[in-house]
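Below is one structure, written out as structure tokens, with a few remarks after it.
In order of appearance the chains are A, B, C and D, and numbering begins at 1 in each one.
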Amino acid sequence: MSDERATRDLLVDLLVQFHGRGWVSGTGGGICGPADDGGLLLAPTGVHKELIKPDEFFTVDPSDGHVVRTPERDDLRPSECNAIFCLTHRSRGAWSVVHSHGLSTVLAADLAVDAGADHIAIRDLEMLKGIPGVTNTDVHLVPVIRNTPRERELVDQLETVFADPRFTPAHAVLVRDHGAYIWGDDVMDAKRHTEVYHFLFEATVARRDRHPEARR
Amino acid sequence: MSDERATRDLLVDLLVQFHGRGWVSGTGGGICGPADDGGLLLAPTGVHKELIKPDEFFTVDPSDGHVVRTPERDDLRPSECNAIFCLTHRSRGAWSVVHSHGLSTVLAADLAVDAGADHIAIRDLEMLKGIPGVTNTDVHLVPVIRNTPRERELVDQLETVFADPRFTPAHAVLVRDHGAYIWGDDVMDAKRHTEVYHFLFEATVARRDRHPEARR
Amino acid sequence: MSDERATRDLLVDLLVQFHGRGWVSGTGGGICGPADDGGLLLAPTGVHKELIKPDEFFTVDPSDGHVVRTPERDDLRPSECNAIFCLTHRSRGAWSVVHSHGLSTVLAADLAVDAGADHIAIRDLEMLKGIPGVTNTDVHLVPVIRNTPRERELVDQLETVFADPRFTPAHAVLVRDHGAYIWGDDVMDAKRHTEVYHFLFEATVARRDRHPEARR
Amino acid sequence: MSDERATRDLLVDLLVQFHGRGWVSGTGGGICGPADDGGLLLAPTGVHKELIKPDEFFTVDPSDGHVVRTPERDDLRPSECNAIFCLTHRSRGAWSVVHSHGLSTVLAADLAVDAGADHIAIRDLEMLKGIPGVTNTDVHLVPVIRNTPRERELVDQLETVFADPRFTPAHAVLVRDHGAYIWGDDVMDAKRHTEVYHFLFEATVARRDRHPEARR
């Protein structure tokens, strides 16, 4: 089995798993992973993510997001995450990005909105060690950007985030009222970070009255 | 496999999935979908919805709800949702309607009761884009009607709702203390809207202290 | 397949399902159902309920709870629920009783403790119609009894409850700090009532600030 | 099938189950069990725990934690829990220890932090009977220790806990901001205690306003 075939199967498995947890739902959310030819495998838009078949991914060139291979089914269009996924690849070297619509991502971003901040600060959690280069004594900042009508319009804000040294350790960006982008070097890293950040978001929301300083 | 056979299998799969999420339980909740002959496939009443077999659906004429085909099992009666499902079909063109008994539907309707309103207002959520014709900058009104002892007595209120231009974009109606009806053009649309609205209800309930204006 | 064989398989399936929902866990919780010979099939005590095999049930005579058939495995003892299940059978005609250790049962019973009441009052929920003889306009009283070190010592309190006309419609009894007994005419009725009451308990707990009168 | 082969399969099954419940996630959490040769089977570190294969466990000598057998896959390292698991074996006779990263363990430990206590006190719960030697009328103390950057540095604190007669009945230790270690005589005992303690933690957190004395 080629690496790409295994990656397609893995992406499909993860979408089923994430749907079961409420991280992708109502056709929202998504994922990408590495193709054999140096491209990114990209899920189609507007479809029930947990029902995607291994041969229904697009391949895009991460240098500019243009589609280099299309699935045989001709009624599919590439995910609106395309530009964001490609930018994350170019800026962070990520070969896999998860787009979550989990409720905890919305509630975590609310903490920043309430504090008038452009980020949330996560601290005092062992699970922080699940993020590369982060220890459980760090105050870990996750940037929070504004939502916009079209996902590709998030790109400008994301470029600013990626240029901001406060956010160098972050492997996730929260989008207000919307969700999160979470990435890793490969698909299994992105999967680990997705589990880790959802735990961090849930814990930070659950402890919001204990740690008002979490918003600074 | 005929379209109807596939639809019956899909309805059965969705009932199992919705039972696992607490959206149908205790024999409550239900679903309908398109039959090949222009009728609506209707689940039986009073049975464990996650255990329904593909050949246990009734077919009803959506113009008036009369039963045109009965399942072989002769101890079944058609769902009490019959009149509501047929009205939703005639008024909204829906070929599939889900009746949810999820806890979040009850708690979301409570927000309207507390505000003395006939609806809840959902805003500031990207997931709104999962509803046709709605964008994430809209304030989306979901009508809330009173519960009545028999589900068919809800029909009068539903006719009023369907005639109200404030509620034209809504693909769901909440019933106080009871649940929700959620619909779509076909079964997969109804499934998507069911996931979307449950997310919207959960988020709006979780944020009720942030957004008191959500009740206006 | 004999009725009893099917019942044993069904009890096993339900225990797996209930374990998945947190209603039986840590070897706690249990279920009984009808044997072919007029006895009650009773799960063993102290075992992981989701791992019970169909041939591991005891059969007890519901007139006094004495064991009439034992499983082949000779290291098993009959459930401590024996006396309670038999009393419920004799007093209410129940051929199946579920013993839940779900968290919502403990939190629902707390409402009665806080109010100094011997019951909780459930109202304003369509799901009440899932209990035989109860409508959604009723105020439905569920008795709450004190916990005791041994489950069989609950029997005296249960006899008082069963003699109390306020509790005639109830198909469940809550035990403070402990759980609930929920019953039905047969196993599928008990399963339906188990789902219905857990919804009613969760909803009543979630609405506790809205309905302080729920405790009267 | 040798006992050890069955144990390896069981450990793998439990890791899948615990991952589904959020008790191990993001490669965090772990488990050990008895090997045939008197050693402890130990999961590798830094891997997705629900994907571990039966032949990927290390065997360590519980007298000092040195590795006596390694898995064939040569890219694995033994879990950081090694020293803690071995100490728990030597001090408590446990042949199986679960390391949970469940959110309820973090929130339960917060109760001790808020009270300036070195433990939480669990009371008024029937489920306490799921812990050997504990009854439902006991006030059961679970020690809470400080988190440290490396898990093996927890060992000193754990030795103090094991020497403290207040904590003799405890089969779990909470680590602030981190998780819990939960043990039993064998794997199924550890599994039962893991379910029991998670229930106890969830219930104690849910009732924190009712029982301020739970922190004393």
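Following the convention adopted for this analysis, contacts are C-beta pairs under 8 Å (C-beta built on N, C-alpha and C of every residue); 3 or more make two chains touch, one makes a residue touch a chain.
In this text, all values refer to a predicted model and were calculated from it rather than measured experimentally.
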item	value
Least step count from subunit B to subunit C, where 1 means the two chains touch	1
Classification of the subunit C:subunit D interface as same or different, half of numbers criterion	different
Angle (degrees, nearest 5) of the CA superposition of subunit A onto subunit B	90
Separation of mean Cα positions, subunit D and subunit C [Å, integer]	31
Interchain centroid distance [CA atoms averaged], subunit A/subunit C, Å	44
Contacts with 2+ other chains: residues of subunit A	none
Category of the chain touch graph - line, ring, star, complete, other	ring
Contacting chain pairs - touch in the sense defined above	A-B, A-D, B-C, C-D
Sites on subunit C touched by subunit B in the complex	124-127, 129-130, 135-137, 188, 191-193, 195-196, 199, 202-203, 206-207, 210
In the complex with subunit C, residue positions of subunit B that touch it	22, 25-28, 48, 101, 103, 106-107, 110, 114, 147, 149, 175-179
